[in-house]
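So, here come the structures, one by one.
Okay, so chain A shows up in both of these, paired with chain B first and chain C after.
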Partner chain A sequence: MQKSWRRRFHLPAVIGTIPMILVAVGVFVIGIGFSVLWSFTSSKLFPTYDFVGLAQYRRLWADSRWLVSVNNIWFFGLMSITCNMVFGYLLAVFMDQRIRQEDLFRSIFLYPFAMSLIVTGLVWQWVLDPNLGLQEALRNLGWSSFSFAPLVDANTAIYALVVAGIWQGSGVTMAILLAGLRGVDEEIWKAAKVDGIPTWRTHLSIVAPMMKGAFATAFVLQCVSVVRVYDLVIAMTGGGPGIATSMPAVYVIQLITVRQNVGQGMAAATMMLLPVLVVLAFSGIVIWRRNRLGGAEA
Partner chain B sequence: MTAAQITATQPIQNALDQAAAGPYGAKPRHVSAGRIGLYAFLIVAALFFLIPVYIMIVTSLKGMPEIRLGHLFNLPGEPTFQPWLDAWLHACTGRDCNGLSPGFYNSVKITLPSVAISIICASINGYALTFWPYKGANLLFGLLVFGAFVPYQVVIYPLIIGLSSVGLFATLPGIIIVHTIFGMPILTLLFRNFYAALPVELFKAARVDGAGFWRIFFHIMLPMSVPITVVAIILQVTGIWNDFLFGVVFAGRSNWPMTVQLNNIVNTTTGVREYNVNMAATILTAAVPLLIYFISGRWFVRGIAAGAVKG
Partner chain C sequence: MAENGTSVSIQDLSLSFGAVPVLHTLNLDVAEGEFIVLLGPSGCGKSTLLNCVAGLLDISEGRIFIKGKNVTWEEPKDRGIGMVFQSYALYPQMTVEKNLSFGLRVAGIPKDEIAKRIARAAEILQIEPLLQRKPAALSGGQRQRVAIGRALVRDVDVFLFDEPLSNLDAKLRSELRVEIKLLHRKLQNTMIYVTHDQIEAMTLADRIAVMKGGVIQQLDAPQTIYNRPVNRFVAGFLGSPAMNFIEGQLEGGTPAAFKTGDVSISLDRYAFDGAVNGSGACVLGIRPEHVVFGEAANSMPFATDAAVEIVEPMGSDTLVWTKLGGRNFSFRVEAEKTLRNGDPVRIGFDPARASLFDAQSGNRM
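So, the complex of A and B:
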């Protein structure tokens, strides 16, 4: 394509995108740079430039609260992403069976996503409250031995977070995967039927692999929200009982606000950034190589 | 990296449009036990999604003595709207007993300008990136997309320091700036994809006629951007209204949005827990995004897909 009408630097375009320049460079490069820099200092309430090497990282990894947080995020992430994907996929498959009232079901499955995670957290805090919620209600209905109070037990509180996460997020997974299912050519179904392949085999072996894009989209969306999980924990458990449901995102905010330990907080934030960077670099390389190969073929 | 992702977006958008046209997929072979199982599964799933909200609505209409009886699922014996009034006007956070209404007005004051400014910025970004790419523009865009994945905790502290050095920390303009910053990656991506799908001849013809950067933007691009702007508005209004983290950190006590006030009212440790008032407050906080959700219908799903595509 002839591009002679595009000059190297068109002043209005640069002026128009000043906010973007400020945000991209000022926040996402310089800001993150400072965060990493401060993680090597002994900053307390305010940033200082007294460098202490990796001391903050050593203290961080010796802090039981941080270790619990890291364990929690892995557990919460694996559980909630797996359950979300399975449940969302089942919902999508069932929704795709030419059912009646599809719009109604879709609205019901998706509406929790429109609400704040604070709301979700509070709702489930009440449903699981031993004196008010399900346990008390079922006991009053005559099932007096019924015991279900995950939030008050340090060992089970995280499962309650997973349930709330599924309630909030699986509708979105359903919507994305349903869109993927509807994007599959109907001829595929006919061909599989003619060949006598059972429907569930067609789903798992033929159609699911064709929906790679939709699965990837849903998966990435889940991952981003897991890393950022903060509101839900604050509203539902406040990180408790004790420190049982602390998460890295909660830990960092606590360190820079309540505990006024910016150096260590920034070390924790840098540790949160690290896996994201690794995944981004990896996917960047994969996509770059695929593009290059694609270019070579053409 | 981004180009491939953007092309991967399109099938999803198309599929969403197709989804609107009607069911595709496997046809049911016969009405049978399988069909009954299918509906049973869907109805049980629907109950899982509905019961918590049913409990909230029912409880918010009961008086406290009735709640203490513990019949969670019963309809209110003597329905009362007093808890709703209390939630709106009298519920306490610490010493202040003004209910949720100040939080509501704060949320409005935060949301409206944040949505407007972030969408204006993002549409100009998308337009410039598509039709006027200057040297380094794509690198900036790459950094911005990277910003969509960054955990907020890495950026929050430098932002606190930066905003307080110009006297904007814990102010209304401060929180608006923060929402604009964190809305920019996804919105810019949204608008860039939209403009990239427009025929480039449109732009070339305007250039031949001598129109410049702003003239083309205001007279040609903006009038065509209505659909994508609607998606962006839905995405931003619900996102900013539902925000908690930025509100609690950056808005300052006098500007705390509704979500923060709600959490303070409910998770306050002093006094008797008035579950009915708390639940009414929770429903009130969820009302605005829910209203948008039910009015916008399929547009909302498009917004999610667009948001999802940032991956």
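So, the complex of A and C:
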């Protein structure tokens, strides 16, 4: 007992990690704590400690702008994560065919991810802008009736965001899944071939289940990028037209900085935290159960 | 067309990876029910050859027949083969039963037939208690058994083994070796088995094909390969401890003699492969266990005096190193003999049991 205690609290290790611990506690725990705390107050421009209970939450859920944001994030999240996973896997399979110029292709696919979303978003905005992008270019070529301006239409702007999100995220999904694919023993493929299992079936029934870890990693990364999607929206649509492409993170920042309503902004931020906590709790339970089962089996 | 009784026939098979030739116009006929071992060092093309037979690699030239049917361009599943891999290659997310049945279900075989085949394979391999387990919960030996089972349920004529025991520890390896031999006797299937382990090759094979550089050096029964290797490579590759090679000169005449340093060995009793043509540089190979020492040496056609240099006890027997004609020379004695460094010994052997190789080509003379 004594020995294990000492090993767990090795002094240099403790000293080495103190800055990290301070940052983690200071930024995450205390910061989140104050966010939650102020979400129960009537804070306007500056935080106050005038507690009003759940009033901010009631106002938040009555705000159509917030409701649109929540709807948007679900739509954006489901669409972009699904498409990213599918495209990422297909790209990974394509890259795994021992193609020539693999490095070149990998760079091309990863390029959008390497660039800042502000830059990517801006490029997309230019391309889709009716007055200087694709539409104008094709009209100048003579196709004068051509009309393609998804960003200025409230019904289609969100699709443009999804497409940009896929373009940005499928490369990194591909990289992770490609690593997973490469980790699958070549003899598994041979065995499946001798067994007469079609390639698509081998992917679906044998290889994909073996890549659980890679899929989970890619999925978590995608989820994180969806929850905090902000810069892409700001760069491409600014949340518009109107409030058509508003997202929770955009909403929070706007409430705090533009509408000077810290209390409600914090309430919205707390609402964003909730699903993350649910996922964390769920994964914690899964890991705990697996450890317990693993311990029982050993 | 392959004649009757031939199970697998490989004709003029060549394979190149890009510009690199791996197999050169290779011919091999495997008889019905025969156990063939492809033996060779890594990179000799033995696994490549097996993959060609399985249809996992497209060959550059030549033809492959299985059961008299040209399968050169058939899919692996249509060739009537089952294959066992070094890494077992079990599908990790499936139970043993699903591992065995998956290929059959995809092939659309009726359920009761699948159940029957699995029951039979499980009984033969004694894996009935493991059927509901996943591969991760099995030991290496059990996994390999399941892998063999997956080949078994395919109900095929030809079994291909690609170094199936290389990932197991020494004890398990020898156990499973015996089991594979028993399995072969029970099933009477044709089996082609790739290994770099000469013990596996010697114990399992009806015939061994020793390969090097994509070419079959010798294809013969294990005893013949061991006792009459066709070239110096085969002689050195088989046998542990390795054969002694003594470089020297062949002196023609009747009888011919082998000379090295101040030692001359009469080759009166040596069965030359062809006519002895004159003299020249050559290498005499003699296995350590064919050397006798002490009193018995005097009854041998060749005997000489030597001094013990190093003694290597190996438990079951002891390897003694000495010098013959100025070169290192080892021989085997029973473990009970206590020899010490520097002890004078009398050693002798029968040149009829030796092998003589041309120094240039390495071929048996």
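To be clear about the criterion, the second predicted complex is superposed on the first by the 273 of 298 C-alpha atoms of A that agree within 3 Å, B and C clash if a C-alpha of one lies under 4 Å from a C-alpha of the other, contacts with A are read in each partner's own complex, and residues count from 1 in each chain.
Everything below uses one rule, namely that a contact is a pair of C-beta atoms (placed from the backbone, for glycine too) under 8 Å apart; a residue touches a chain by one contact, two chains touch by 3 or more.
These numbers come from a predicted model, not from an experiment.
Taken together through their common chain A, the two structures put chain B and chain C side by side without a clash. In the superposition on chain A, A:195 makes contact with chain C only, not with chain B. In the overlay built on the shared chain, the residue A:187 is in contact with chain C alone; chain B does not reach it.
Using the contact criterion defined above for the overlaid structures, shared-chain residue A:62 touches neither chain B nor chain C, since it reaches no partner.
Residue contacts after overlaying the shared chain place A:209 against chain C, while chain B stays out of touching range.
In the superposition on chain A, no contact is made by A:258 with either chain B or chain C.
With both complexes placed on chain A, chain A has more residues touched by B than by the other of chain B and chain C.
Between the C-alpha centres of chain B and chain C, as seen from that of chain A in the superposed arrangement, lies an angle of 80 degrees, given as a multiple of 10.
Annotation: superposed on chain A, chain B and chain C show a minimal Cα-Cα gap of 7 Å.
Across the two superposed structures, the residue set of chain A contacted by chain B and also by chain C is empty. By the touch rule above, chain A contacts chain B in their complex via residues 1, 5-10, 12-14, 16-17, 19-21, 23-32, 34-35, 38, 47, 87, 90-91, 94-99, 102, 105, 107-119, 122-124, 126-127, 131-134, 136-137, 139-140, 167, 171-172, 175-176, 178-184, 186, 189, 199, 202, 213-214, 216-221, 223-224, 227-228, 230-231, 234-235, 238, 248-249, 252-253, 256-257, 262, 265-266, 268-270, 272-273, 276, 280, 283-284, 287-288, 290-291.
Against chain A, the residues of chain C that register as touching in their complex are 51, 54-56, 75-78, 81-83, 85-94, 102-103, 106-107, 137, 147, 150, 154, 162. Here chain A touches chain C in the complex through residues 185, 187-188, 190-198, 201, 205-206, 209-210, 297, going by the rule given at the top.
The part of chain B that touches chain A in the complex is made up of residues 1, 3-5, 8, 11-12, 14-16, 18-19, 23-28, 38-39, 41-42, 45-46, 48-53, 55-56, 59, 67, 69-73, 121, 124-125, 127-129, 132-135, 137, 140-141, 143-144, 146-162, 180-181, 184, 188, 200, 204, 207, 212-214, 217, 238, 241-245, 249, 259, 262-263, 266-267, 275, 278-279, 282, 285-286, 289-290, 292-294, 300-301, 304-305, 307-311.
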